[in-house]
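Okay, got some structures for you below.
Presented sequentially are two complexes of chain A, the first with chain B as partner and the second with chain C.
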Partner chain A sequence: MALVLQLVVAALITGAQYSFLAMAFSLQYSVLKFFNLSLAPVFMSGAYIFIAVTRFLKMPALIGFCAGIIGAALLGWLLHICIYEPLRKRGSSNMTLLVGAIGAMTALQAFTIIGFGSEYQSLQPATSQWHVFEFGSITITSVQIVTIAVSILIFLSLMLISRKTLFGKATRAIADDEEVAKIMGLNTNKHLNKVVLLSSALAGLGGILVGLDLGMSPGYGLTSIILAITAALIGGMGITSGAFLGAFFLSFAETAGVGFLGGEWKAIIGFSMLILFLIFKPQGILKQ
Partner chain B sequence: MSYLINLASIFAIYAILAISMNSITGYTGLVTLAHAAFYGIGAYTTALLLIHGGVNFFVAMLAGIFLAGVVALLIGSVMSKFRGDYYILGSIGFLYIINSIMKNWDSVTGGPLGVAGITRPALFGVSFAENLPFLLLCLTLLILVYWLAKWIVSTPFGRVLKAIREDEEAIAVFGYRTKHFKLLIFMIGCGMAALAGGLFAGYIRYIDPSTFTIVDSVFMLACIIVGGLANVRGAILGTAILVMIIEFSRLIGLPADVAAQLREVIYGVLLIVMMFWRPQGLIGEYKL
Partner chain C sequence: MGKKIGWAVVIIIVVVLIVILSGSKNQEGATDKSPITIGFVGPLNGDLANLGLNAKSAVEIAVDEVNGAGGINGRPLQVIYEDGKCNGADASQAGNKLINVDHVPVILGGACSGETLAIAPIAEQTKTTMLSYCSSAPKVTEAGDYIFRDYPSDTYQGSYGAKFVKEQLGKTKVAILNVKTDWGDGIAGVFKKSFTEMGGTIVAEESFEQTSHDLRAQLAKIKAAKPELVYFLSYTDASIPGLKQAADMKLNVPMLGGDAWDDPKIWADVGTIGEGAMYTVVSAAHGDTLGAKLKAKTGSEEVIACTPGAYDGIYILADIMKKVGTDSTAIKNALYQTNYKGGVSSDEIKFDINGDVVGANYVVKVVKAGMAAPME
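Moving on, here comes the complex of A and B:
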């Protein structure tokens, strides 16, 4: 029983960690309709900017946190206005956009290795340890609790934004049909920029929170984005609430699989979920 | 002179990879990033049979091609159901799964340490142990693969592949079972990649899982996109250009690890530039 409880808590933590990039990807996919793999470096940039600011510039963690989120938002936005927006204006196919994104991802990942080295880096300040809470047999650190709380908070606020605000309505209108939204007088390009900024900031936030718990290495970005896409696919492509649920579905499946097979096969379980859903339920669990 | 021989051997191996990927991606329009996995299957099978089985190099290489064909049959029959973006996503999933097996199945593959001590072959009293004879072997096989690829696309089978690329539904209406065609070209392409893998194992004499990652698939994709999609000569031209770029980055005297990353930056940027400037490549016949 105690073991099951521990596994459930572990799955909740992992699910919350997946949920940020999954929601960011899903939000962007709902309007841009292509697999933006370059969200991987955007996700990592949050963590690496945090490292640069706190370790090299010796600034407090809060400034690093803000700088990471703003930096990630700007990186995502720059990629959008320099690559994807012009390609979309030329009427390029999704495949062209995806190949462009693969190019951007490869180049930025290599830049990260040049700047920070390819090895794993910890984001935790060297002087302090996370506070560890113990409830019976369960142990959980303060960062992990914050991650779960922020994940739920972001999910709720995204739902609220989507339902109640003009921004959310405009996003849904573009997701439905960009041409019609344009004809109805919506400045779609401007709105897409805002969505990209928001989702990139969210990805950056995820990068920092994941990094604070697990550390960050340049190879982690691509794995993360593929798992995020898997989560988004499980929930139904382009449904933000689905991505949130999908992230937890994925983490529970992974945790269960690791329980049976052992930790070294974790990656295989995640990617097998991707393949299984692509074959049997490409529309996801929420979409009809 | 030995420098040029080395360069030419690497070029010949990469050119086989590019031609094989071009027959799947360029001619049939299926963008796959799983190619490095089959390259790896070829290399591992050749190396392991050679070292543990004491089998002749060429027999081991044929076994590698056969195994890659069988795995391609399994993976391809799943992938043939996917289209466009989802095809790429599925291929990334399979690449990760196979790479993860190479990394974690320690007892067979040697885990992250890989396989060392691979010997060069001899055939009919001719030894390929020196670099020059081995280069001639690589070039002979490159020419064979070149003619095979040329021949395939000139047959009625090849014309159906191009028709699938242009409009899969339309050609299906004429009674062609497009899934079978997609599957067969996938198997042929992956078999050729396994051949390149065998040559690579024989040439470098040491293999490990880090040679068969997504970065290598992106390199092959960059080769065919720069040279030209759906053009066998284009694949060779693209490989020549990219191998030159690799050498150039080595010659300007940067530290080895920075130069390695700089190359990846260059492939990435090249992919983006090609998407803007010529999505079909320099002498290509098909736009993504």
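Moving on, here comes the complex of A and C:
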């Protein structure tokens, strides 16, 4: 019983860690309609900027946190206006955009290696440890609780923004049909920029929170974006609330796989889910 | 017609003269001064860059020493360094380049077992000799006729670890947590076999992929199995978060690792969590001498697991090439006959019929205040 509970806690933590990038990806996909793999370096940039600010500039963690989120938002936005916006204006296909995104991702990963080396980096100083809360035999650290809480909070805020604000309505209008939204007098380009800024900031926040718990290495971005896309697909492509649920669905399936079969099954289970959903339930668990 | 024949005769005479002259020049004893180039493969970037770069520095020292003492019969030794990144794909690229582009007769490497096993088939096919300085997977034993290593097989490390846990520490219930690589699976398999043969019980067997940083589910299962010790075989990348997660989950049992834990970065990063962690590592007979030389070169006297073998490897190969030249097959045959004395990794290095180094000395190191030191 204690084992099952500890596994549930582990799945909750992992699900929350997947959810940031999954929601960011899904939010962008809903309006831009292409697989933006360059969210992987945006995600990592949050963590690496945090490292640069706290370790090299020796500034407090709070500044590192803000710098990481703002930096990630700017990076995502720059990629958008430099690569994707011109391509979209030219009427390029989604395949062209995907190839551009792969290029941007690979180049930025190489850039990270030049700046920080390719080895593993801890975000947390060696001298400090997170506070560990114990409930019977179940343990969870402070940063993990914060991660789960922030994940839920962001999910709720995104729902609220989407339903109650003009911003959310405009986003949904573009998601439904960009041309119609434009004809109706919406400055779609300006609005897309805002969506990109918001989703990139969200990805950066995720990078910092995941990094604080698990550390970061340049190869980690690709793994993360693939898991995020899987979660977004499971939840229903382009539905932000779906991506949140999908992240937990995926983490629970993976953790159950590790718990009952063994660690070597983790990737097999994760990616089998991706394929099964693509074939049998391509619209995901939530239909639009 | 006659003119043409005349020209042909002149050309033939010139060619013959050139051949004779150049031949007689050699006979007069003017020696070939062109450098002898050999290859090196190891992780120079990434997860295990610390191990690879440390070994590279030692190789550079050894090469300078060999060349300072007259090189190989007057010819300087040169090394082309390639990055195998501790994985098969990059290593086979590196190996292909060294063999097919640089045409080296010998490769010193790879470091990781995955590297060596990826290059081995190419080396075997092209009859290129390989001397690995750090690969320990049991599979390397059967990798081929041209494949050697001066680093002991995990058959030794796994059974040494099992014996240490059972006899020295007196633990009987152990959980294994290993990375899914040739190295991790190899040691875990031997450990399990020896430990159960000695009457111990393996209460949990868990594994994870090399790219994984999140070992919580595996650790939860291990915690539930209530082991007296965790045998945690992992590289730097997963070891740091893994050790932290184990501490967060209050898995308060001793940890024993393999030779990959001989990386100071781990112990600097995990801080107090690493206190008391133990690992088995090949003991270098004269690691201190090498440490002093490294300090003069790099400023740090740190000698990481692979480094003594890499340093000795250069001397072994240089000695052989002095005797048999640079033909790869001749080098291979000579390696089987080698009995190298006075190395830093071991007093005597010999290879058995599988190209494995004979005998192995291990020590257990314990982490105290962020530094690993041999157990007393």
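FYI, the second predicted complex is superposed on the first by the 285 of 288 C-alpha atoms of A that agree within 3 Å, B and C clash if a C-alpha of one lies under 4 Å from a C-alpha of the other, contacts with A are read in each partner's own complex, and residues count from 1 in each chain.
Just so it is clear, contacts are C-beta pairs under 8 Å (C-beta built on N, C-alpha and C of every residue); 3 or more make two chains touch, one makes a residue touch a chain.
None of the values given here were measured: they were computed from a predicted structure.
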Fit-or-clash call for chain B and chain C when the two complexes are aligned on chain A: clash
First (chain B), second (chain C), both or neither touched by A:G215: second
Partner chain(s) touched by A:G259 [first = chain B, second = chain C, both, neither]: second
Which of chain B and chain C A:P60 touches, first, second, both or neither: neither
Which superposed partner A:I102 touches (first chain B, second chain C, both, neither): first
First, second, both or neither for A:P86, with chain B first and chain C second: first
Which superposed partner A:I113 touches (first chain B, second chain C, both, neither): both
Which of chain B and chain C A:S272 touches, first, second, both or neither: first
Shared contact residues on chain A - chain B and chain C: 113, 118, 223, 264, 267
Residues of chain A that touch chain C when the two form their complex: 2-3, 6-7, 10-11, 13-14, 17, 113, 117-120, 122, 126-130, 132, 134, 137, 139-141, 213-215, 217, 219-220, 223, 254-255, 258-259, 262-264, 266-267
In the complex, chain C residues that touch chain A: 45-47, 49-50, 180, 205-209, 211-218, 220-221, 223-224, 236-237, 240-241, 244, 247-250, 265, 268-273, 370
For the chain A and chain B complex, residues of the former touching the latter: 34-35, 83, 86-87, 92-100, 102-111, 113-114, 118, 222-223, 226, 229, 264-265, 267-268, 271-272, 274-275, 278-279, 282
Residues of chain B touching chain A in the complex: 31, 33, 78, 81-82, 84-86, 88-90, 92-94, 96-97, 100-101, 104, 214-215, 218, 221-222, 225, 257-258, 261-272, 275-276, 279, 287-288
